[in-house]
Each structure stands twice: as C-alpha cells, then as structure tokens.
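Order as written gives the chain letters A, B, C and D; numbering starts at 1 within each chain.
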Amino acid sequence: MQLGLIGLGKMGGNMRERIRRAGHTVVGYDRDPALSDVGSLKELVGSLAAPRVVWVMVPAGGPTQSTVDELAELLEPGDVVVDGGNSRWTDDEKHAAELATKGIGFVDCGVSGGVWGLQNGYALMYGGSDADIAKVQPIFEALKPEGDFGSVHAGKVGAGHFAKMVHNGIEYAMMQAYAEGWELLEAVDSVENVREIFRSWKEGTVIRSWLLDLAVDALDKDQHLGKLKGYAADSGEGRWTVEAAIDHAVPLPAITASLFARFSSRQDDSPQMKMIAALRNEFGGHAVESK
Amino acid sequence: MQLGLIGLGKMGGNMRERIRRAGHTVVGYDRDPALSDVGSLKELVGSLAAPRVVWVMVPAGGPTQSTVDELAELLEPGDVVVDGGNSRWTDDEKHAAELATKGIGFVDCGVSGGVWGLQNGYALMYGGSDADIAKVQPIFEALKPEGDFGSVHAGKVGAGHFAKMVHNGIEYAMMQAYAEGWELLEAVDSVENVREIFRSWKEGTVIRSWLLDLAVDALDKDQHLGKLKGYAADSGEGRWTVEAAIDHAVPLPAITASLFARFSSRQDDSPQMKMIAALRNEFGGHAVESK
Amino acid sequence: MQLGLIGLGKMGGNMRERIRRAGHTVVGYDRDPALSDVGSLKELVGSLAAPRVVWVMVPAGGPTQSTVDELAELLEPGDVVVDGGNSRWTDDEKHAAELATKGIGFVDCGVSGGVWGLQNGYALMYGGSDADIAKVQPIFEALKPEGDFGSVHAGKVGAGHFAKMVHNGIEYAMMQAYAEGWELLEAVDSVENVREIFRSWKEGTVIRSWLLDLAVDALDKDQHLGKLKGYAADSGEGRWTVEAAIDHAVPLPAITASLFARFSSRQDDSPQMKMIAALRNEFGGHAVESK
Amino acid sequence: MQLGLIGLGKMGGNMRERIRRAGHTVVGYDRDPALSDVGSLKELVGSLAAPRVVWVMVPAGGPTQSTVDELAELLEPGDVVVDGGNSRWTDDEKHAAELATKGIGFVDCGVSGGVWGLQNGYALMYGGSDADIAKVQPIFEALKPEGDFGSVHAGKVGAGHFAKMVHNGIEYAMMQAYAEGWELLEAVDSVENVREIFRSWKEGTVIRSWLLDLAVDALDKDQHLGKLKGYAADSGEGRWTVEAAIDHAVPLPAITASLFARFSSRQDDSPQMKMIAALRNEFGGHAVESK
C-alpha cells in the first residue's frame, strides 16, 4: 500500500526503510529537503491515492499540532491520520475531534524500539476505531517485530499513547530497580565482582530481562561506570504517567520515586537539603557544611 | 563426584534430581525418613570420601545454625560446607568462622530458580575462597542453567547470599513496576485491552522480561485478577536489602516503596490512616468514615 | 469600608461575621436566599460604592468561573475581584486576564483557618499587584489573626493560591509524619502509653506543633482511634502540589508519599497488589490468598 | 536528692546545671579532669549515699556499654542506672539484664532539647519499672520543662529510647515537609516572597510549629540559604526508626523518604544514576553527560 510519512529524522527515516523493505510505497516529507521525497505536504497528499493514510512522526506539541492543522485542510473524508510521535494522550482526543469535523479518521500510535527498531521491529500500541485502524493495518504489520507479539489495539483514541506512556513509566522503575541494586552491591566490600553478578543473572533468575542485558553491555564497556555522570534526563512520559495516576487516584510509589531520582540527579545542590541543613543548625547546632 | 545434601524438601529434592542427572552421586539426608537416603548426619558424613562437600539446604536461622553446629563436630579438616539456603549474609561470616576453627571450609550460595529450576537450572551466586569453591565447582556446574550465564563467584564469604538478596530486592521493585503500570491501565476508560497490551510488550519493547511473560500467563488465567486478593507476603530478603542499604547509606526509594506496599497490603485497616482521618476531623470537621 | 462577599457557606458566613466585627460593612450574596443579604449579584454590585471590592468565596472550577464571568459584566474599571476560594493557581491568571480586559483588578487569596478562623483569624496568602491589594488591605487586616503574622503578599497573581496549595502539601506530609510515628509506637509491645508519649511531646521537643496538639485532642477522645476507619480523602491541593512539582522538576518524595497513602487508604483491595500476588504465584508457587 | 552524672559534655554539662538549679546535688564524672567533680567512677559511687541513682550520658555503643559494665561492678543492689544517652532501644534490655543480675535497677531515658534545654527544659521519655522510675523522679522533674508536658513514662525498659527514636523519625519527615515546600515555592517565578510566606504561616495555619519558627529564623539570617550546602548528616535514630518499622512490618514511606534524601545529599555523584544514564545510553542513544 501507499503511506505518506511526515518527519524523516532518525526514527522516521528508519521506519521508512523498514516499511519499504516490506514492499510498501512510502512518500516521505521532511522540512529538510535533503531527506524529503516531496517539496510540501500538499505535494505529499497529492501523490497518494484516496483513501490516504498519513503517518505523522514529528515532535509532540506545537509541531504535531500544526501538522494536524495543515492535514485537516489538505486531506479528504475517508483519509486517516496516524500520530506516531510522543504526543500526550490528552492531545489525541483534540486531534481526533478536529479531524472528525472534516470526516478524516485519526489513530494514535505509541512506538517503542529506538535505535534497534529498524532491525528488530518496533513495538506498536495504537488507539482508535476498528475502521480507521483497518486502513493502517498493513503498515502496522510491516513495522512490528516478527512473531506473535509487539503490536496491540489498546482501545479508543488516546489509548495507544497512554499505553506507550505507561510502558515508559514501568521502564523508569525497572531501570531504577537495577540501578539501586547495582549501587548497593558496589557499596559492600565483600562483594567483589558486581559486573559478573549482573552477567550471571542473564539466565535462570527471576529478574532476567532485556534491560539487564543492556546493563551488562554497559558494564562491559565501563566496569564501574566511572566515565559517566550520575545525571539522567527525563522525556516527559514519566511525568505524564505520574500525572495520569494522580488524576485517577492510583498510587505509583516506585515509578514516582524513579522520576524524582532523576530530578534530583540534575541538581548540583539540593535546595530542600539546604533547608534541612539550616533547620539542623537552628535546633541542634549541628555542623553544617558551608560552601 | 560425591555430594552430601541435607534438606530434601521441594527445593532440595529437585536439586538432588538435577545433580544426579549430571552423573554425580548424591547422599541425601532429611528429617523425614521417607525422603532420606541415610538415617543421620553422622551416617551421611560416614558415607562420603574425604575431602567431603556437604550442601545444607534447610531453613535459615535456627535449623541452619544447628546443622552447621553438628557438621562442625562430624566433618574433618579439608571438608567444605555449602549453605545453599536463604541465610542472611551476616550469618555467613559466623558460620565460616565457626567451621574454620576445625579446618573446615565454608561457601555460601544463593540459589534462584524456584519451581522452574529442575528443568531450566538454578541461578547460583556463591561466596568464599577460591580453594573452597574449587571443591564444589562440579556441583555448581550441574545445577546451573546451560550456557554461559547463571553462576557467579560473587566475592568473599557472604557475598553469595548478599548478591541473591539484592537480586530479590530488584525483583520486588520490578514486580511493583509492572503492578503499578497494570493498575493505571486498568483505571482508564479509553484503554480497553490491558491484557493484550501486556502481551504485546513481550517483543520489541524496552520492558520485555521473564517477569512480564509471567504477568501475561497470570492474566491469561484470570484477565482482571478478580480471583486474587491484593495481599502479598514478603520473604525477608526484601527487608534485609533495605536494612543493608541503610547500613551503607545507600538510598533505595523504589525497592523500599515496593516493600512498604507489601506491608500495607496485609493490613485490613491502616493505623496510620486512622490518625490522618482523626487529624482531618480535628482541624477541618472533615467527614470521617466511622466504622 | 464596604465589601461585597459572594458565597455564605460555613466558611464565607464566618468570614462575614469576622469582617463585620472589625467594623466593616459586608453585603453578602448567596444562592440560598435564607443566607443572602441581596437578591442578585447585580443588586450586590449596585449596593456598593466605587471603587468596589468583591470577594468570591464559592467552590473552585465552574462556580468560580461563572461568578467571575458575571462580575466581568457587572463591575466597572477600578473595581477589584478577590478569589478567596480554593482555585487552582493556574486559573488565577485566566481570571485576571479576563477581568483586565474590562479594567477590573484581580487578587487571588488562599485562606487557611477552617472552623477555628472566626475566633482566631484566618491565615491569608494573596497574590496580585500592589495597587489592587491596597484596595483590599483593610479586609485582609480584619480577617487575619492578631499579631505580626498570618498574612502575606506572596507575589504576582496566582502566588496566593500557590502558597496556600504548598501549605496544604506540607500539611499532608506533617500529618503523615505523626501518623507513621503513631503506628510504629502502637506496634511495639514494650511501649505502653502512646497517647501519653504524644502528650508529653507538646513541650520541650523539636516536633511540637499545632497538629500535634490536635493529635492529642483526638487521642483523648478515642485512645487507639478504634472508632475511625483508616480512610482519608484528599482535597485536590495535595494533587496540585505534586503536579506543580513535576512541572518544575522538583522532587517531593515525602509529600507525594503522603498523597499516595491517602489514595491507597480508599481502596478496598489494591489492584496492584493483586498483580504482585499473581506474579509470586507464577514464579514461586507462593500461596496467594484467594477471595 | 543526690545524683551521679557520668559524661559532662555540652549536653551533660547543661543538664548538671539545670539539675543543680533545682536544688539537687550532682556529682559529675567526665574523662576530662577539667570538667569532672571526681577522679573516677569508683570515687563517684563512693560519694553517693545508697540507694544511688547514676545517670549515664555518654556516647551510645561502646562507651555506654563499658560504663554500664563498670557500674555493674561498683554499684549495690537497690541502686539504679539511668541511660540518658542516644542508645538504641535494643541495647536497653541487654543493659537491664546485665544489671539485674546484681540487683541493680535500670531506666532508659530519651532526652530531647538540644541547646535550648538548659533554659526551656528537656523533654524526657523513659522506660522501666515503676519502682526504678520512682527513685529517679525528682531528677526528671528538675530536667523537664515547666508545665504539664514534656515527660512521660513510655513503658517497659527500652520504651523510652524507642519513643525518642520515633520522635526523631517524625522530626525527619516534618523537616522534609517544610524543605520540600520551600524548594517548590522558590522554584516558581510568580512567587516572590518565600521567606515572608513562611513567616506568615507562624499564626493561623495548620502547619504552625516550632520547626517552622526555626525555619523563619534561618531564612532571616540567609534569605535563600545561599551560604549553605545541601548536605545533611543523619544521627542514626532515623535509620533505627526505619529498621524498627521493617521489623514490625509497618510502612513508613514519608520518614524513609526523608532518610534517603539525606543519604543522597551526601553523595557527590549518584552511583545509581550512573546506571540509569548507562541504560539510557544503551537503548536509546540518549546523550549522557560524560565527566
């Protein structure tokens, strides 16, 4: 089938390649003419036969919004827009409603896979009506990993991004779990081979996982991670996970602890611990490290 | 080689079977004569040629202590005792010191694998001197999973149980990660296929793992886990992990949150939340649910 | 001076009384004619001499929004609206901008004090321009507690509600602190007089506070809080505090833990702990409590 | 009455002064001859009439143990030893049992008050038998604050130190509560007067407390705490509180979060966050700050 694909960065470019390998025609557009197959969104839409499927793979927020706005003007009833970017699930309903006024369908799709996706396939979580999703299905089949798993119709519009967001929230806490364990093992004198302990866990243990494999890869490059700074950015999806949990009164202690650990990692000096130091000084004359 | 194996419960019995399949001779002892190959520890020791290796697989604490005490009397210099039970790592140094006075070696070994170990092998983390471990090595080879992973010489005496304890601590937080994500997905109306979302994550995602596979198995049996109570015991190793972290001033927010979630799950009514309710009533006249 | 006061519930009614006792004229409006001094907002506005100060004390969200909308039509340039309700600080800028198009000023004011306010005064945190606040100042003086403390110009529009929101977030964690300590003391056999321990802390300790006094009052009524259920609602401001922290990448582990403890207290059975139970059952054959 | 007081450091010296002001006779001993009233423990014991009360105010652990050992040799049946230091409650039963073999009584006493105690009195929490406590009662009366509060017979031997330990655990979380709120207020642009917000809370709010007063004092000295480092030691009692909670399966999320925040504050670079950074690098090619 034909697919219009907007956004040909590292992620979008690899996806185009995987879809083409599966035998589909991809007309790609990117603001960078060196990457783009066409000169404009109008040209992209014009080059596709109706009913069209256009996959948006641009940054969440403003760029996605303006692309949806433009497509609402260019597409026709019966066409479908897929938002495969990292949009917040609360944006999906807005985009779906905007496009629905023109008779254009909408599917949101959370995509996982990163730099490994071209080779191994991308995990896909999508939301929308059965009818809209049926139009995109061949592309989902091309992108997903081989085998029985890796793609799911998660629910209504928004459910795809929501599921991907929760996936990332779980990821935060799993990473934190290994990280806490690693720090504790490194802290104890009688434990001499932390890297080899991690390696041994790759088989026969309850905690074997792909993330564990990556941890071993990282330790093989830098046994005590001495070249790294204990600094971790966060991509927004962990924050949204906690906010969604608060909206639904769901306690998420481990995921939230993982998010807060990242916040703390980015502070050179902790304001709140200055206040702790100040209070200790006031009531106890405890020594406080002055700068 | 010959092995004396003390404790032939579900775990010990399966381990005996796996070692025998590897071609070794196992003389087993259990308090239950129906399970035991010999009538006493003395008989067990007498049936082995020096230097003997005796593997203790009995409950941590008193039973392990009394077994070590008895073996200290029965064994000879150059023999080795392996504690493969769930002993706290702080007990290992005591046992090693006690046996060392008689010239008997000691190895502690954390064993993971549960009901899957007979078939797939047991993950082994052991601590002790190179010389003592060399005497046990053929048994480790028989027990461990096939392939390059699954066993490790973690460090000095105590390091094996310490590594296994940390493994369990990590396990707590990984389980909590999936559990939090599952509850959040179940709480949101637009998400319709939580079980299928979990299933889809088995390939192509960052969070694929053996625990995730088990979660899917559980959801296949009981899609919304309606037959279960939200009640989780803890085995002690999570507690020890947090205590070890406190001893070393290592922050473990996610693992500790996971432990506390289990504590809370076992309370019919939370005393601390009674106090919260009482305080809200005092200052605000907030409605409080009376029993 | 004259004040228009909209919303004469328990809180608004007591505030009217305190303002009148200070010698000011209050024209009150409430949807309930039995409480109201006038028949309509229009009548309220008509009864005040310009420049008018109208204090809105109605539920946050829709009721506050519709009152602001109506006042925007009725008031004149130079008048000032004070939102003394529990609005989210993010609403304040919207309300200020809406009123500014008509030349009407806006002040947001977080009010603390609850049922004790009539007698002891209300703590006030307000945000807005110096000029707008100057017009309201006599009312602030009437409402605040006697003495040097209890009212503050916190910053720009929104800062008042923000400060009150953070006050409540701190309150959550302080309550949780006492509650955790109380539960631990109650759990230990050798500790026999938990209520008397709390009482003794009222003087000479680092943790003496008004909340502690309230805890003692509650324990005097019900020594082991046996008449209460461990169930705690949350008013929204704790949630907003955590969301604001996430927006600013500020870690709030204790306040968030306190919020999550309330969420958990309202669950009859924890979905996430069902998943923990299910996983334990899968890998270990651990006994799980069936319903 | 007469009191023997061992340990005349800052704390013990001030206590001696307060007890003397109340009209009692204090014979003090310290290893530092410049502080000591007598040359040895033997001389101290010899200078008191039976039944003697000897108050031990030396560092927990070894120094307290050796002092108790020595007193067990020097005192007579009917005498009472008070441990007023910061001993772990689990040591109290050992000390009581050791002294009981000689017919010597034992009382444990947690003391709060710090540098303010000489003037305002010390909060006292003590454990032991009614008979032993009766012998110490006049000293308790001299040390405690004036008024109805500030001292309590908490329960059996160990309950005094346990209550003091929980007091400190509560203190950790209260300090953390204010610290988190302060950091959040400082992080938001529209909030302009954080110090004045804190000051305003001293009256009329739910969160007014002595610790809040101290926070205001600290901010008056250094408005944004710019002279302090965000570094907080911990005294051991927070750790013991969490360990006691784990022993009794009591969840302490806020207190534990407060303890972990202190641990993190003392790390120049977080090992666990290095692992998070390493994992992000492996799966996503996320930029990681190299040293």
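A few points about this structure:
In this section, contacts are C-beta pairs under 8 Å (C-beta built on N, C-alpha and C of every residue); 3 or more make two chains touch, one makes a residue touch a chain.
Since the structure is predicted, the reported quantities are computational estimates derived from the model, not experimental observations.
Distance between Cα centroids is largest for the pairing of chain C with B. On residue numbers, the B-C interface is repeated by A-D, which shares over half of its contact pairs, out of the options A-B, A-D or B-D. Counting C-beta pairs in contact across A-D and across A-C gives the higher total for A-D. Taking each chain's centre as the average of its CA atoms, chain C and chain D sit 33 Å apart.
Chain A and chain D have CA centres that are 47 Å apart. Note on chain placement: the centre of chain A and the centre of chain C lie 37 Å apart, centres being C-alpha means.
For chain A, the set of residues touching two or more other chains reads 114, 176, 178, 180, 183, 187, 206, 211, 250-253, 257, 260-261, 264, 272, 283. Listed in rising order, the residues of chain A touching chain C in the complex are 206, 234, 239, 242-243, 246-247, 249-253, 256-257, 259-261, 263-264, 266, 272, 283. Interface residues of chain D facing chain A in the complex, by the touch rule stated above, are 114-116, 175-176, 178-180, 182-183, 186-187, 211, 214-215, 217-219, 222, 225-233, 253, 257, 261-262, 264-265, 267, 269-291. Of all residues in chain A, only 89, 112-114, 117, 120-125, 127, 144-145, 147-159, 162-163, 166-174, 176-178, 180-181, 183-185, 187-193, 196-197, 199-212, 241, 244-245, 248, 250-255, 257-258, 260-261 touch chain B in the complex they form.
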